[in-house]
Each structure stands twice: as C-alpha cells, then as structure tokens.
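Chain nomenclature is as follows: A, B, C and D, assigned in order of appearance, with residue numbering initiated at 1 for each chain independently.
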Amino acid sequence: MMQLSQDLIQRYHDVIESLGPEALKEMLQAMHLIRAFEERAEQLYMLGKVHGTMHLSIGQEATAIGAANAMQDGDYLLNHHRGHGHCMAWGSDPNRMMAEFMGRETGYCRGRGGSMHIADVDSNNLGANGIVAGGIPIAVGVGLSIKMRRTNQVCLVIFGDGAANEGAFHEALNMASIWALPIVFLCENNQYAMSMPVEKAFNIENISQRAAAYGLPGITVDGNDPLAVYSAVSEAAARARRGEGASLVEAKTYRYKGHSKSDKQAYRSREEVRDWQDNRDPILRFANLLVLAGVITEAEAATMRDQAIATIDEAVEFSENSPEPSVADILDGVYA
Amino acid sequence: MMQLSQDLIQRYHDVIESLGPEALKEMLQAMHLIRAFEERAEQLYMLGKVHGTMHLSIGQEATAIGAANAMQDGDYLLNHHRGHGHCMAWGSDPNRMMAEFMGRETGYCRGRGGSMHIADVDSNNLGANGIVAGGIPIAVGVGLSIKMRRTNQVCLVIFGDGAANEGAFHEALNMASIWALPIVFLCENNQYAMSMPVEKAFNIENISQRAAAYGLPGITVDGNDPLAVYSAVSEAAARARRGEGASLVEAKTYRYKGHSKSDKQAYRSREEVRDWQDNRDPILRFANLLVLAGVITEAEAATMRDQAIATIDEAVEFSENSPEPSVADILDGVYA
Amino acid sequence: MPELRELTYAEALREGLRQLMAEDERVFLIGEDIGVYGGAFGVTAGLLDQFGAERVIDTPISEAGIAGACIGAALTGMRPVGEIQFMDFVTLSMEQLVLQAAKVRFMFGGKASVPMVLRMPGGSGTGAAAQHSESLENWFVHVPGLKVVMPSTPYDAKGLIRAAVADNNPVIFVEHKLLYKTKGHVPEAPYSVPLSQTQIVREGTHLTVVATSIMVSRALQAAEQLADEGIQLEVIDPRTLKPLDDAPIIESVKKTGRALVVHEAVEMGGFGGEVVARIAASEAFDYLEAPIRRLAGLDIPIPYNRELEYHTVPQVESIVREARKLVKGEY
Amino acid sequence: MPELRELTYAEALREGLRQLMAEDERVFLIGEDIGVYGGAFGVTAGLLDQFGAERVIDTPISEAGIAGACIGAALTGMRPVGEIQFMDFVTLSMEQLVLQAAKVRFMFGGKASVPMVLRMPGGSGTGAAAQHSESLENWFVHVPGLKVVMPSTPYDAKGLIRAAVADNNPVIFVEHKLLYKTKGHVPEAPYSVPLSQTQIVREGTHLTVVATSIMVSRALQAAEQLADEGIQLEVIDPRTLKPLDDAPIIESVKKTGRALVVHEAVEMGGFGGEVVARIAASEAFDYLEAPIRRLAGLDIPIPYNRELEYHTVPQVESIVREARKLVKGEY
C-alpha cells in the first residue's frame, strides 16, 4: 500500500466529514465497478464478443466519481466517447450498460448506440457522444432550458483535453458566460487526445486558463483524486445553482490503456504509463486514504474489487442471455 | 478643427519620424479615398445602380490604413465583409474596385464577387469574405505555407468583434500559436456585430484578452488612431517575421453607417453615433495631428477630400464605361 | 364575397410564430439579430417587445452554438425555433444538426426526442453573391432523422411553421429570400398545414412539373403562358421534402406521361434527382412518354452580377422553354 | 507470366502519397494523428519518419482549422493533402470547404486556385455506429467548384490520389474503411488514373449496375452469382463522382435496357438520384425496358448492433435479389 501523509488527510478533513463514511465507501466501490466493467469490456473485445470500438477510462475513475457525486438528483449529464465511467458514476445499471456494449435489445439504447452512445434519459443522462466536443454546445441548450423552466437544476458536461480545441468549446463557453447559464464544464485532461499530447496541442500550462477568455472562473485540480474533483465540481455546481453561471473545471488525470482498440501507443513510453499506474492510481490512492482516515478497514478494501467483479459477471450473464435486436424492427426509433 | 494636445504629438514623435512626411500624407490621403469610395458606394446604391448589399466602414478608416502601412510588400492580406477600406489601404486600384462593386467585367473579380469578395491575388490580397470569421482558418494555411516555403512573409488577417465568437477563431488562434505561425490577427472591434453590442456578446473587457487562452500576446489599441494601429501591427508583424509567431491586436473603432443597406439601427442611439463622429473621427483627428505636427498645411488638408472625390469620380466613370460580364461566359472560372 | 385577408410570407411566418409563442410557453426563438433588429429579413420584428428577451434570444455569431442550444433545450422539454440568418451559414451547424439532432433519438434506442425547428432563408436573386445564396436543402433530405420543409406561399408558411413546431423531430425549415415580400391569403386563426402532404397546385394534363419554393410561382407563371398555347401543366409542390409524400407525384405522371422537376438548387446532386428516381422506379414508369427532365441551378456558385445571377437559376422563360420541349417531344 | 505485385488499398494510398511527397516539395500532409500514430487507419504510417514533422503535420482536434489550413496553403503555392479522420467529422469543415475552397476561384473571377485534396474514410461495417459511419459524398457532389473522387480498388486508390494531387481544384477524396485491407494489383512505378473517367468493370448484357466504392466489389460478386443463372450484369464504377463522366453509363443502358444504381449512402437525397436522373433524361430513355432502380442505404442512422448494421446497407445478397428482379421483370 502507498504512503499517504496525515497532512493530506487533514486537508481532506472537511470534505470527508461532509460526505460521510457511507458515501465515501460507495464512491470507492463505484470506482472499482467502473474499472471492473472496463477490464471486462476489454476482455470481451479480445474474445471477439463485441464488434466496433471502445474507449476505456481505466485510470480516470476518480474524475467520474468525484464529479457525479458533486451533482444532485435531477441534474443533467452530457459526456463523451470515453464515457463508461461517467455513466456508471451517474448511477447507470451495469446490466443495461453491458447489454448495450454487447449490442443487445435490453441495453440502454436497444443495441443501436453501443459503447460511444450510452444514455439514460430517465436519469437525465443525456448521453455519451462519439463526436469530440459534440455535447458541449448541447449543454448550452440544457442550461438555457433550465433557466427558462426556472428549475434548480445544473448541467454537467464532461469532455477531454482534445475537445477544448474544437470551435464548439469556444462558442459554448462564451454563450454560457454571457447568459450566466447553470453549467459545469468539466475538462478531463488525460494528457493525450488520441496520440496528441497536450504539450503539443496547447501553448498554455492549464486548460482552465481558457475560462478567463470568457469571463468564467476556471480551476485545475488533481483528477486522480476524487475528493479534489468532488470539491471543485461541488463549488462550481453551487455557483451555478445560485444563478451565478458557468465554470470550467479541469481535472488532470491519465488513461492507462490505448486510445481505442487498435492503438500501438507509439506516442508515449511504457515508463510514463507505469509511473502513473504505480504512483498515482486513483483507486489505490483513495482506498489508502479511506483506510488511513478510518472510513474502511483494510479487509473491507480488499473485498471491494471482488464485489465489483461479481456485479460485472452478472451483467455479462444478463447481457449474454438478452436477445439481439430484431432486424424486423430496423426502422424503429428514427422519428418520434 | 478639433484640439489636439502637444502632449499627444510628443507621444507620436517616434512613429511620425520613422514613417516620414510623405508616408503620413499618403496615409491621410488614403483615408480620404476610402471614405470617398464608400460614400459614393452608398450613393450608387441609393440610386439603384448597384444590386446586392454592402458593408460600409466609414469611421473605421484608421484601422485599415494603420494596419496596411505596417505590412511589407509580399505580405498577405485576408479580410472580411466590411473590407473596402482594407483593400484600398492594401493598394487596390479604385477603378477596379468600383468596377467590381458595380458588377463589371473589369472589376477585380470580373463582376462575379461584388462588394463582399474583392480580392487582388496579384498583390497577395487573398480577399474579403462574406462569412464571418471565414478568413481566419485560411490564415493558418497561409502561415504554414510561409513557414514551409521559408520566405519572410507575414499574413495579416482582419475580422470583426463578432467573428471572435465563431469557433473558427478559436481553432485558428490555437493552431497559429502551437506552430508559431507568422500571422497578425487583427480584430476590428467596431462595437457591434450587426445589432449585437460587444457588451452583450462578450463577458470580458477587451477581446485581446482572449490571446492569453492560446499563449499569444494580445493588445488593444485605439482603432481610430492610425498611428496606434500602425505601431501595434508593426510590432506584431516584426515578431512574426522574427519567427516568434502570431499575435492578436484589437483595434477599437466605430462604424457610422448601418450594418448593411437595410439597417434601422434601433440597437443604438443617434447620440452615440454623433459622439463618435464629432469627437473621434479618425480622419479629422489624423488631419489635425499632421497639421499640428507640421507635416501638412491646413490648406493641403483642405484639398485632400476633393482630390479623393475626383479619383472616385474617375472610378465611377471607368466602371460605367466598362462592360457587364457576358452571359455566354457564365460557366467560366469555376474550375482551374 | 368578403375580401380575403392578405399577408406577406414574412408576416405570415411572424403571425404563426406569435400565435405559437402565445399558446405555448415552451416555444422560444433563438438566433442572430432576431431581437431588436427583427431578423435580417424582418421575420421576427416586434416579437422581442411582445415576449421579452428570454424568449427571443439574440446570440453571438456562433452557428454551431445556436444549433446546440436548440438541441439541448429540445431534449429537456422546450420547443426551440432557431434561426440561421442565411442558409449558407448552416454549413457551420452541420455537425450538431446531422450527428446530434438527427441521430440522438435513434442512437438512444428511441428514448429521446428533439422537437426543434431551424429556420433559414435560402436562394439567390438579391445580389448577395456566392456566400449568401445557397440552396442546400438536399443535404438535409439525405439525413435520416431530419425533416425538411420548404413553403412556397404565405399560407403554407404560416401553416407549416405551426406543424413544424408541433412535430417532435428536428425540422429544417427552408424559407426563400425572394418570397418574404410576396403576398397571399392567410387566415388569422391558427391552422396547420400537415407535414409530408404534397399539394397539386394546378391541374393539367400534358406535363407534371414538380417545383419547390420560389419555383412554384415561376412554374405557375410558366403554366399560364403555356396555357395560351394549349399546353396544360400540372404543377405540384411537395412542400415537405422529407419525408416526401410522393404518391401524388407518381399519380400525376401516370396521368400526364411526362415530368419536369424544377428547383433553384444546383442540379447536380440535388433534390431533383430524388424526385426523378422516385418516378423512374415507380409504376409511373410504364406511362412515361418522354424522358424525365430536371431544370435547376447551373453547376456554378451564384454570381454577383445581376444578369449572371438571373441566368444561373430557372426563370419563367426557361421553365416555359423546357416544358414546351418536353411536351412537344423536341428534346 | 510474372506474378502481379499486390498491395492493400491503404498501402496503395501510402505509396501514392510517398511518391508524390518525394517528387514535389509542395506536397504535405495534415490531419489528426497522422504522424506517429500513422492515421486512424494506418494510411500514413511511416511517412513522418521519412518526411519529418513539417510535412506530416499532426493537428489538434480542429476540423475547420484543418480545412482552412489546406485552403490557405493551397492558395499560396503549396499542395496540401488533408485528412479528416472519419468522414463524419467533415460536418465540422463544411463552411471552409463549401463557402471557401469551392467558391474562392469563381468569386475571385477565376484568379485564384485551391489545389488541395481532403481525404476521408466513409462507410459502415466496423461497428462504429451512427457518428462514425457516414457516407456523405453526395453533399459534395452538390457543390460547384469541388471534385469528388471515390476509389474502389487499390489500383485506383494509388492512381487517383496522384491525379487528385495534380489537379488544381479542391478534391474530396472519399475512402472506405472496409476497403483499406482489401488487396489488389498495384504497380510500383507512379501512375495516374485520370479524374472523371468512368470505368466499365465488368461487361454484361442484361442490366447496367452503377456502383461506387465498396459496392463495386459487392456488385461484382453479385454478378458472379447471377452469371450462374445466365444473367449478365454490366458493372460500372464512376470512380469520380464529380465531374461525372456519364457517357459510358448512358451507353451501357442503351445496350442493356436496364439500370440499377447501388451505393452505401442513404438512398434518399443520395448520389443514386443523380445517376438515375442522368439516365432518365438521356437518349437511353428510349431503350429502357424496366424502371430504373436504386439500391442504397436505409433511411436510418447506422446502428451499432452488427446484424442491424449489416442490414442497413446493400450486401451481395440484396444486390443479387434486386438485379434478378429487374432482369426478370418481377418488380
């Protein structure tokens, strides 16, 4: 187990207190679940049981969990292609997620969407998105709608570092700012956009600096620390709920796996990956923290992974027993 | 005549010295020419002698003249819909500009382009543009090409405040920054994008602040002062020529006329317009400065407008005597 | 007989929008310069005063943002009506419209809907040159999940905007700059013209002319002229291009044995091909007495010069000429 | 007989690009992940090592910027070859391509040229779902000033990329994901396949099948199967969709009396309509013995599920079925 200073625990004291032990435990458990889901997804892919591609967020679980836990019931989520973690953190049912991944009729999208398009409209999860930055302008509309309907909701929109160089990012952040929309823009900076390192794609230190160009607050946090993400997103959401408008939060994290199924990863070194895995793994770190803070025992920590795997085993079974969509229904669901 | 302090003259001492009396006189004369061109354009429009629309830059002549004079032979220009002044300042022939405006075969674009598309490829004026921000990504390509061809050119791209909210602005400034391209981005902030005041479209004080989001230098200058624009653009161009990359210059100015032919201007007060006309007119101010600085006499100043009008009279005559394009050639010039 | 109330196409749209907004709080307008300016073509004039800035939203120049704003609002219970100032600028909204608005419902297994309308004026004829005169409707016709509406009269404009806003799908609503000032009968009380209902605008026996938007009135003028020569055109206006109600077209061609499709958009790759292909594949094939022809925009950008611009797209004379040739077998 | 050298479609493109870059310093590549990654489909693998980062430029995810970069460079003496990672993302480049690249020359009175190529893979079949499987070529066919090329074999891929780069106009170069790994004869020495030269891929007497891209090989397989039944298909590949060399198509239909147009893109509003309309308007009309039909993508977004995806676009079986019906008069 890694070392964690008492100092750091002190720093977290408030947020640990406010979340309480149950929530903290659930957060860790959920991080395990995300990882187990994605490790299984990769396996299924290797076994030829799924078709298409997938984008794994292994190593980035803290951002998803920290952010989702900072939001309230009734809030909206828009996320992106590397979205399994975001959906799961938002409370999606692993069975229906796995079924979607496996293209089954019981999946969230009846097998029409797949890995990149998981959505659960009933829980205001407005979906992952196959288009880089595709969800960002949509968030503007969600924000407008919240304002016009005078509800107390907030929209969380998650995207990668690469997305911050699309024109859509620019237009949307500006609109959100001038209209003071209740949106939290969360940039999950995992250091690469496919093969493009942030150092080459940006001539600035932190992507959160871009907030100033729109008159928005911007902050960069450790994306491998669920509590840091939780705090920053909570503050941004609170600001939004107070009617003070949007914020840009940047969470710096790292993806362990290739960009998608077929990535040789020639653009980075094994050492770099190993360094993040060994020294900054979000699950290990958080488990460690909770043990040191007395929230869970080492024994409890040790069982969580297995529990997660068991849940995923069930999800796979559920999916494998689920029917494929019928070709007879192929024209369904295009028009309302 | 307006008052101008000796103080201000002192401030301009260096730039006045470096440009020299001939150039300064020509600049003033060119400002008169732009205004005369556009006043005539408006008249012709009213008389029903032209079809289509036009965007007049009356009141903004200083930006065009200051910027063009800061550039060198061989440099590139890309500009926008309100571009008569930019083209003229770049040295375009008033006859061929007017002929284009009037849709004649002798026009720069053989009557195919019209007011919004005047270009003079021979002088590296790559054209006005009917699409807000349309020229900005093109500047990236010009910058890349200069770098690859290892010439010592610079690309000046001019656009309005409204253009700075298009996604294209964002993508292009970032690309120009990460590749250190020899581009001067000149934002001609005339306070409105059609009916949209900058205060409503932006939640920041100066558009030049956006430069920081890309790691570029940004500066805001008085766009009604040709020497201020000249200085800022000169510095940006020099930086580009030294291989240090792009800059964003914002020139604050004001358009006197409506956005286009059919603008009731309900979005601003007559007083506001009159205030700019009476107290900050770029031509009056610059003439004043040159008289006070002893560059021209009052008598000379008094004749310049008439000279400009005479030139434009000729341009109209040239155009009216020019043939219309022939319908037989309608398919010409689509493909190379 | 009481005199029929007349409105312009722009007024008809405005009245339709005003009634919709008054009835349903979820309907709002968003676009560039639609507020105090009243829209580049005046369609929304006065609506800001009536409904306030929260429901008549002026945007920065951000066409992707406008489309996104409509989509997000539509997904969460509102009924946005966006405006793209000139159809040309929708080239900046394509990702949002085609990859998001059109597909979200299907990708989510039929579990979301995007009830939005995006209005935009297309067409040439105002000297606005190549970047302000596009007719891109067939791009949208090619996109599953979108509907495409193109009214040709004030009456239809008012009725179709109502049906479009009531529809639970993203609707691309294509207006025409030259139609805005044209007048026609428009009842004051709200009414819908159903989507996907092709209309036979004029009955005739010799040639079926399928025309869209501004070309409908030109085809009617051509029909008047040809009637003097004893040639009777049947003029058909699909009004909704997607989903297309093609039955009346097929029926008509079965009757006339000849077809000409007329639109302003560039011929190559245009909607005319779709109509021709529907006819050529149908049971009308056996009734054809002449080749099926299109008359549409030349394969060039719209020129600025007035005379060139005029000759770039079909006009009454050219419709007369083509129709006559087809009927007389002079092709 | 010496053995014919075989390359995959991706290798053929790479070899073509490599030769062009070696010969002409003005040619450079720009796109997302085309450098060290070698492109999402590996087309540019190794070219960074050979030509360096100044000529194989990795960009941020900025598709409008990529298009603009090509246009500006082309206007000022370079010959850029851009890559859009998936054709879907070109929805973000439409303004630059359609309002700038395509129109600049005409708007400037014929005084500028934009010699650029933009490569992009379209098509379904890899399980990439609705936002990564578009076939949008007909959008570009509809735009004056652009050329549209769509190679169906490794041989054509290499020869057409050379002709496209040599062309002084903006060329949209549409590849197909499923073709990248297909193999075929490709000579090593540089050669061009001229643009706008339609090819008769297989001669036959009963039915003219016009097919594009991946559908060419499916049509050929269908032809093999039908040959066993005594039905001889003539298979035609336009290769360049715009400008379209339609004469061989018309001639073929005059011979066979029947036509079927097959493409993957959605049928409605697609390129098939153009081909049908060309035939229906031509002198081949008098030779037609059957309705002209299209077989193309369903009017739905591409589904993720493998089985649904398969049934969304034409396959060998469906081509066989449609062709047989047309020849046997069972429509």
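Basically, a contact is a pair of C-beta atoms (placed from the backbone, for glycine too) under 8 Å apart; a residue touches a chain by one contact, two chains touch by 3 or more.
Please read all numbers here as calculations on a predicted model, not as lab measurements.
Asker: Would you kindly count the fewest steps from subunit A to subunit C, each step being a jump to a chain that touches the current one?
Answerer: Minimum number of steps from subunit A to subunit C: 1.
Asker: Going by average Cα coordinates, which chain is farthest removed from subunit A?
Answerer: Result for max centroid distance from subunit A is chain B.
Asker: Once you find the CA centre of subunit C and the CA centre of subunit D, what distance in Å lies between them?
Answerer: Computed value for the inter-centroid distance: 30 Å.
Asker: Based only on mean CA positions, could you tell me how far subunit B sits from subunit C in angstrom?
Answerer: 37
Asker: How many angstrom between the C-alpha centroids of subunit B and subunit A?
Answerer: Once rounded, the distance between the two centres reads 46 Å.
Asker: Among the residues of subunit A, which are close enough to touch at least two other chains?
Answerer: Counting only residues that touch two or more other chains, subunit A contributes 109, 111-113, 117, 129-131, 134, 165-168, 171, 174, 178, 200-202, 334.
Asker: What are the residue numbers in subunit C that touch two or more other chains?
Answerer: In subunit C, 59-60, 62, 64, 88-89, 92, 95, 99, 106-107, 129-131, 144-145, 298-301, 303 touch at least two other chains.
Asker: Where on subunit A is subunit B touching in the complex?
Answerer: Touch list, subunit A to subunit B: 165-171, 174, 177-178, 200-204, 209-210, 212-216.
Asker: Over in the complex, which subunit A residues touch subunit D? Could you list them?
Answerer: 50-53, 103-104, 109, 111-117, 129-134, 162-163, 165-167, 193-196, 200-202, 263-264, 266-267, 324-325, 327, 330-331, 334
Asker: Show which residues of subunit D lie in contact with subunit B when the two form their complex.
Answerer: Per the touch definition, subunit D meets subunit B at residues 28, 30, 54-55, 57, 59-60, 62, 64-65, 67-78, 80, 95-96, 99-100, 104-113, 115, 144-145, 147, 168-169, 243.
Asker: Report the residues of subunit D in contact with subunit C in the complex, numbered from low to high.
Answerer: 88-89, 91-92, 94-95, 98-99, 102-103, 106-107, 129-131, 134, 136, 138-145, 242, 244, 265-266, 268-277, 279-282, 285, 288, 290-294, 298-301, 303
Asker: Under the stated contact criterion, what part of subunit D meets subunit A in this complex?
Answerer: Counting only subunit D, the residues touching subunit A are 32-33, 35-37, 40, 58-64, 88-89, 92, 126-132, 298-301, 303-308, 311-312.
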